[in-house]
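The two complexes that follow have chain A in common; it is paired with chain B in the first and with chain C in the second.
Our next item is the complex of A and B:
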């Protein structure tokens, strides 16, 4: 099984989460941990950079659903950027673009936060 | 059982031999009560020695069962000696010795003589057998021949006594063997290593017991060599037996004398020896625990408790290591928080991983507990790695707070103990894992069972519409669901859904989804409205992370008109001849959003089927099946397979798609359910329509 890596970095007021590899039921808890840390530190403006993500399963999608409410309640959000076409298709099929903001580039998402 | 039977039967046979020997002896004694003839005297002794030999052989049956408790064996011997002493001294006080032995005769005398002699012979034989067991107890080297040589010397001395009585000129032979026997008895009396293994209390008791017994044996030996009534009765019974009993009494005297002295010398070290045997029994207890205790925490508690016994430490605690993460499992005689803090400090300080026991003497450890910094002073602290198959599973800590260091022996014992503990912990861990796996498996069985009961048993049958469904569950149940609803004579409702998540939780949601669709399909005609309603219901019951993708539609089997709506599910595929298209109206997954957004972003889609058109519903298990290069089966291959086989029977087409998917992903485990539902519409009104 290809592995999964998650890390996060600061970009002004915005927190960027980089996800790599395969996000599925077995690796989703790592991403959850990352979100928990952000909430503990009261960082609610999040951009998830999907540049190196190859696959996302329904359990992976569930992580965003679980945390987006908390972020939005605190004037923050979860925005997505740099998705590969096939990963975007999965989101699209489910109707995520109606509920979440997707950007081609990470910077665009940050700009949106700073407006 | 079988072995036991054999033992019982050999024991029985020994008893039979003994009874036989006794009967022969008694018969002989009553037939020829007095010995005044050479031949008769020799035969008399022969029968007696045979009886003694068989008795000795039989006595081992009892004495050998007491090997685990030598003290009780010694006590038995002591009681018998005391009885013999009592009999001898009492009778010599009550009766005068006979003036002339030859004058004694008569049936009364014979009976008393036989009883008294047999008592002495049997007791002496048992005593000899008991001493023999003590002799062999805890002997590491084969020493049987020394004992047997001594027995032979005693036997020869006894026999020669009989002969010397008859042939006076042979008296020097008797004397010689008597002395040889005594020398051998003395040499053989030094086999007393079993004393070392007794506890201090047992040693004290043995000291007391052996002093009395040695004296009793010596008194018996002296009384039997003087002229008194018992001695005379025995002498009359058989000259040789008299010598035999005297020699055994002498043996008892010397042996227990040496036991007394040895025990005396062992006493000062008895405490230390107890300590050692405590360590050993702790190890044995632990190895028993290994097979009995399955609970990890309980085992950890036993280990820390035993650690303090093994190495005389004041406190000890156990830390497990997994993926460089340390977890405190159990503490003994120290606070949990304290031990946790100390562990962290120590493990930070020493260079990990360690391969053998390390010792830190006069160690001060500063630990931050909440807002407090506390300093712990340890006179000596040892850390032992718990290694199994070169893999480190954790560390065992033991500390002495005051005054003493761990000595070499304590460290060695702790090292050996840690090895045992490591194996025990590893076993407990493996068992825990296998129990978890088993539970997971039974949970999955339950999930599969639920799923198979939720899915329809058969597809609807009608002239205008062929229906085929294929469902292949993944090992971890995926949560796929499909169903058909006969709404009226013309209309057939159909649904395909995929619940996010896997296993038993997915199958419960599936059951709920089935209930929702089954009831809503009877009251709401529009697929879009039905899905909006379904979303309303599900949003309240689904967890935050859960969602369901679904596609619901109604097909008019008479007219070929299809209406459907999609809630985040894979598109509906329609194949007419070589023309294939996927229909994907707007619509987000059920449970993703509860607000207006769901209802304002979903559309119905309507279209008209032509003769032999094929409708395909599927779940992502089909298109996301992967090969060993992590490539998806994908929509392109899927469509191609459909188009290439669209003229085949519907069941054959279904099969071909499935085989393509399986062949493509044969090197990889199927990790999601695969569901395919196909409809082929046949226009029975075609002729009429054309007219």
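Our next item is the complex of A and C:
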């Protein structure tokens, strides 16, 4: 069974989304739900922490593509942190590093919002 | 759920449901490992087969979970070859243009990346349709 978990937590004005396990076409709707909740609550400054994510397919990347513009329109963003090499490689192959900010540590991404 | 797995024949048959993607990935990685190849290199094959099956589920079977997807693996002459067949609508991934990601983002659309990623990760992507059958062959060179 595909094992995926998503949850979010508050860090000052920033919302951290923790993703765990396997993010594919089957589990991507769970991540979409999380983004919909943030938008409903007008929380647009997001850091996605990938520390416990083992796998991502293009369906997962598609979720960020569909939501990032809404966040940016509201003075927010989707920033990424703590990616394993395999996972980062997929973002890299599709050219995401020029479209999004990637950080080694969650704190570095949060600091960016507070500058 | 998988319908049939025949390790000896290196073949897996599943229904066209995204629920089965993890099963597909486990099978492909196990087949790759059974040849003793570097596990890490196999991950790009695993993700490509995931993308191919996701496309079949969406575009060949239009999310009808009664469709059948057959995956057969072989390795010869320094190539690892995955043949994926379905009997849904004809869908040639080679006809899909490269996605314009910034443009799709502006219009708040996800998706459209799977085929592009599959082509980046594999050395050959060949599609053919034989009567009612679609056949996709993915090849990874081992050297």
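Everything that follows uses one rule, which is that the second predicted complex is superposed on the first by the 114 of 115 C-alpha atoms of A that agree within 3 Å, B and C clash if a C-alpha of one lies under 4 Å from a C-alpha of the other, contacts with A are read in each partner's own complex, and residues count from 1 in each chain.
Convention: a contact is a pair of C-beta atoms (placed from the backbone, for glycine too) under 8 Å apart; a residue touches a chain by one contact, two chains touch by 3 or more.
As the structure is a computational prediction, the values presented were derived from the model and not from experiment.
Enquirer: According to the contact criterion defined above, which of chain B and chain C contacts more residues of chain A?
Expert: Counting residues of chain A touched by each partner, the higher count goes to C.
Enquirer: After the superposition on A, what does A:111 contact: first (chain B), second (chain C), both or neither?
Expert: neither
Enquirer: Output check: A:94 vs chain B and chain C. Expected answer is one of first, second, both, neither. What do you get?
Expert: both
Enquirer: So in the superposed three-chain picture, is A:66 touching just chain B, just chain C, both, or none of them (first/second/both/neither)?
Expert: Both partners, chain B and chain C.
Enquirer: Going by the contact rule set out at the top, does A:26 touch chain B (first), chain C (second), both, or neither?
Expert: Touch status of A:26: second partner only.
Enquirer: Given the touch rule stated above, what does A:54 touch, chain B (first), chain C (second), both, or neither?
Expert: first
Enquirer: Taking the stated contact definition, name every residue in chain A that is touched by chain B in one complex and by chain C in the other, in rising order.
Expert: 2, 25, 55, 58-59, 61-63, 65-66, 69, 86, 93-96, 99
Enquirer: Chain A touches which residues of chain B in the complex?
Expert: For chain B paired with chain A, touching residues are 498, 500-502, 544-547, 549, 567-571, 584, 586-589, 592-593, 597, 601, 630, 632.
Enquirer: So in the complex, which bits of chain C are touching chain A?
Expert: 18-19, 21-22, 25, 40, 43, 47, 50-51, 54, 57-58, 101-102, 104-114, 116-117, 120-121
Enquirer: Contact residues on chain A for chain B in the complex?
Expert: The touching residues are 2, 25, 54-55, 58-59, 61-63, 65-66, 69, 86, 93-96, 98-99.
Enquirer: What part of chain A is in contact with chain C in the complex they form?
Expert: Residues of chain A touching chain C: 1-3, 22, 24-26, 55, 57-59, 61-70, 86, 90, 93-96, 99.
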